[in-house]
Amino acid sequence: MRYLFFILTQTGRNFRQTWGAQLMTLLTVTLSVLFFSFFYLIYNNVLQGAARLGDELRLIVFLDQEVVPELRPALEKKIREFSEVEKIIFISPTEAFTRLGEQLGNDRDVLDDLDGSFLPYSIEIYLKKDFKNLAGIKDFSEYLTTLPGAMKVQYGHGWVERFGYFVNLSRIIVLLSGALLTLTATFMVSYTIRLTLVARQDELEIFRLLGATNAFIKGPVLIEGFLQGVFGSTMGMTALYFCFLWIQNHFNGPGFLNLFEFSFLPFTEAALIFVCSICLCTVGSLFSIRKFVRI
Amino acid sequence: MRYLFFILTQTGRNFRQTWGAQLMTLLTVTLSVLFFSFFYLIYNNVLQGAARLGDELRLIVFLDQEVVPELRPALEKKIREFSEVEKIIFISPTEAFTRLGEQLGNDRDVLDDLDGSFLPYSIEIYLKKDFKNLAGIKDFSEYLTTLPGAMKVQYGHGWVERFGYFVNLSRIIVLLSGALLTLTATFMVSYTIRLTLVARQDELEIFRLLGATNAFIKGPVLIEGFLQGVFGSTMGMTALYFCFLWIQNHFNGPGFLNLFEFSFLPFTEAALIFVCSICLCTVGSLFSIRKFVRI
Amino acid sequence: MISDDHPAIIEFVKISKVYPPDILALVDISFKINKGEMVFLTGPSGAGKTTMIKLICNIDKPTKGFIDIAGNDLSKIKPAAMQALRQKIGVAYQDFRLLPRLTVFQNIAMALEVKFMDGKTIRSRIHEVLNVLNMTNKIYKRTDKLSRGEQQRVAIARAAAARPILLLADEPTGNLDSQAGTDVMALFSQLNEEGTTVVIATHDKSIYRDSHCRIFHLDGGELDITGQEPEDREQGTET
Amino acid sequence: MISDDHPAIIEFVKISKVYPPDILALVDISFKINKGEMVFLTGPSGAGKTTMIKLICNIDKPTKGFIDIAGNDLSKIKPAAMQALRQKIGVAYQDFRLLPRLTVFQNIAMALEVKFMDGKTIRSRIHEVLNVLNMTNKIYKRTDKLSRGEQQRVAIARAAAARPILLLADEPTGNLDSQAGTDVMALFSQLNEEGTTVVIATHDKSIYRDSHCRIFHLDGGELDITGQEPEDREQGTET
């Protein structure tokens, strides 16, 4: 079809003639995609890491008597009523004694002459991974003290707070930076596209005066925006992947980060970012041409 | 002086005629300053927080005999030889026993019938705040096992690793984002200035043809760059301050972040960022005009 | 578009054009130009010649009045129809409106590409028209590397290459010597003989002094027509 | 700058200008133009007139040869001296080079501001020159809102307002009707009588036909001078 041929010729010519501006737009798109996906990657990994470390978030309720197995379901129900509970374990004094020994490590000979009977019965409650809600944990622990026979509720207060603090700090940094950057990226892309078009205003004006149809004028711009999107996001993603590799190599020393697997974006999410940035570029270029093609 | 008057008239006219582009440059400068100083602020606070939490990073060396006071200086010297040590405390079994009681909390009655004599002598070593070097801590702990009489070396393995991991993650995010952003900021500022000048290329060309002196052409551009720098960095810093207030209000709930005081940039550093961005803008505009004023 | 019951290709009815705040560029002007006619538009600088050409190709709107171009009422025309109409009108602007970074060939080709002509026709048309204007040796030069008179001829060539039904030329000989001016007028005459309606705005007395065409004289926005409306031209129209 | 032992204000010695790859715009041209002279530069479109004017004001460099302007060797001139020299040369470019977003006043004022004249002088000079050109009513209009002929007069006004010692006008009447053309020529004559050397590149025979000035005819880059070099003009120089 001759129409398509003209559009493609036009597009090719535009690329050749305005390659400086095109390169600038490409770079902008690349950087924007890189920024956004970089922060998304970090955010993703922080959430994952938090989930993994969250396994250890547990509360212990010390009881003043043994819970007979028949009572357990009722107690469990009461506990689950209040909060999102992952797992509940009932611990006898003997089990607790073994653990104390493990905790004392090499010094366990302290306990050599004792049996565990002086230790209280207890319930260990593991929560679903939800670090946001430290205040909630406090409320929950207060609720647990009202359970029948509950003597005292213990949880890794300091540790949880410190850990929660860091997760939160990371979250703030990531979200705030992400927001700022997405803002800038949008601004940069639209600004660059607008400038490219202002530089081509004369050309568009002449086309208009020569009676070019809307499709003839918009076609090349559309293809251009699309290609910018494709190449820009490909390059951005590639750059992100190299960033990712760098972080992995640099900070994944043995015994240090093995606790935490730094992983790349899942395929679907990477694809989504990809598709979205292509759409944005295409629509953006189409939108910014609007004011130049009237009558 | 008439010269100054012309320059100022010129500058005023330029601002009026190209206010769109000027606003764009201003916004760019503002955002760049905001980004840079935002990351600097976070980085600063992460370091401070790390320093504060770092108090608890200590190693304990268990000994098979008491260290007589006379031997302590020699041992201390040996320990300090290897690493940056903040504080060294020698602990007797009695002291250790008291602590064990504190650790057991309400369950301290376990120890009621015992005295501390079964516990070993130990040395607590507090390190200077340096979280980067977790591998170094491992080496150091291995070194400590070679000390005369050392039985075992203990440190908050899991806790330190997890904490270190988060500090490191924050650091990576902050540094990498900072680097990316400083890059973009530089690119954006120079690009915007260049574009503004390209838009004014005709004017500069005509001035050149009319025989305007270099000072006549460069003066207004210089003043413009300077003013852009002043207003841009003022606005950027103000925006940063509001970000800071927002973070503080939002995440400084009682009992949660009181561990950690989120503080603004020290005056000298804020001033430095301010002065640097003004210089950058001025020099940048001067530099980018160079190719337009020849012959 | 052009039906037989519309002998007039351009019709102005009581047209006024006021530029804000108070510049009367055209004042209450009415006239008809028939298909196949050639008309000269004269008048001192600032008389409103360019304004009139702008109104004809709908670049600007009149403040008052009614314009009909080839059967289209310009105040009500739809974008698609306007685009189709513009493809049939060739305009050589007073300020040329060439793209400086494109070659002569590319600049002229644009006018043909928008009509989706095939490459071969485009090439032959361009060579043909540049030949008449003595510009074939500059065909692959960028237009910003040409002398002003050469640029002017490119602008004229672009207007003529598409073989429009209506050709508007604004000051086509302003930067041309007498020989080049003669070439341009020869091109216009040739097109006119093939049926194109030609409107030429000019100050150059030498090009219209000896012609038999109507002369539209504008002064201070007022129109004064001299010469006879040719009745015998109408059969020369092209579809 | 202009000493008495330099009666020539423009001197070309064996100048050639070749545009890559092979366009010979000027071929081995030598001439002198004396202070206070008025000279017409003619020739067909593409002959090299604009190229010559560009060489005179050092916008372009010759491929070969030596140019001396008011005692300055252009191949060795320093930037500061070039700036000072340009302030003394007024050029009305063929493509005007006006700033479209500034008013007529602002455009002309630029040429005076670079010389650090005071506001009062600037205003009176601008009014004076616009008066001669019949353009005072457009003084506060933006130049992109003017007709082409009005723009041309603004370009001429800018060149003349600074009272240069040398005035170069490239096709100054291309977009002007005969009345406006006469006004422009009157301005040039007036300046010339006050001692300004005037060089006018033009195709318009009517403006040089009856003059007694030398006519430089360029064709294909080759120069042919007709008319007598006036010996009696030299005392009219201005410092």
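We call the chains A, B, C and D, going by the order they appear; numbering starts again at 1 in every chain.
The definition used in the following text is that a residue touches a chain if its C-beta (ideal position, glycine included) is under 8 Å from a C-beta of that chain, and two chains touch if they have at least 3 such contacts.
Being a predicted model, the structure only gives us computed values, none of them experimental.
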Centroid comparison with chain A (C-alpha atoms), farthest chain: D
Length of the line joining the C-alpha centres of chain A and chain B, rounded to whole Å: 23
Distance between the centres, which are taken as Cα means, of chain D and chain C, whole angstrom: 32
Rounded Å distance between chain B and chain C, as computed from the means of their C-alpha atoms: 68
Inter-centroid spacing, chain C versus chain A (mean Cα positions, whole Å): 62
Set of chain C residues in contact with two or more other chains: none
Multi-partner residues of chain B (each touching 2 or more other chains): none
Graph class of chain-chain contacts, one of line, ring, star, complete, other: ring
Every chain pair meeting the contact rule: A-B, A-C, B-D, C-D
Residues on chain B engaged by chain D in the complex (per definition of touch): 2-3, 6, 13, 17, 202-203, 205-207, 209-214, 216, 295
For the chain B and chain A complex, residues of the former touching the latter: 24, 27, 31, 34-35, 38-39, 42, 46, 49, 53, 62, 100, 105-107, 109-111, 114, 118-120, 134-135, 138, 151-152, 154, 159, 161-170, 172-174, 176-177, 180-181, 184, 187-188, 191, 195, 243, 247, 251, 253, 255-257, 259-260
In the complex with chain D, residue positions of chain C that touch it: 19, 43-46, 49-50, 94-95, 145-150, 152-153, 171, 174-180, 203, 205
Footprint of chain A on chain C - complex, ascending: 57-59, 79-80, 82-89, 91, 97, 99, 101-102, 106, 110-111, 113-116, 118
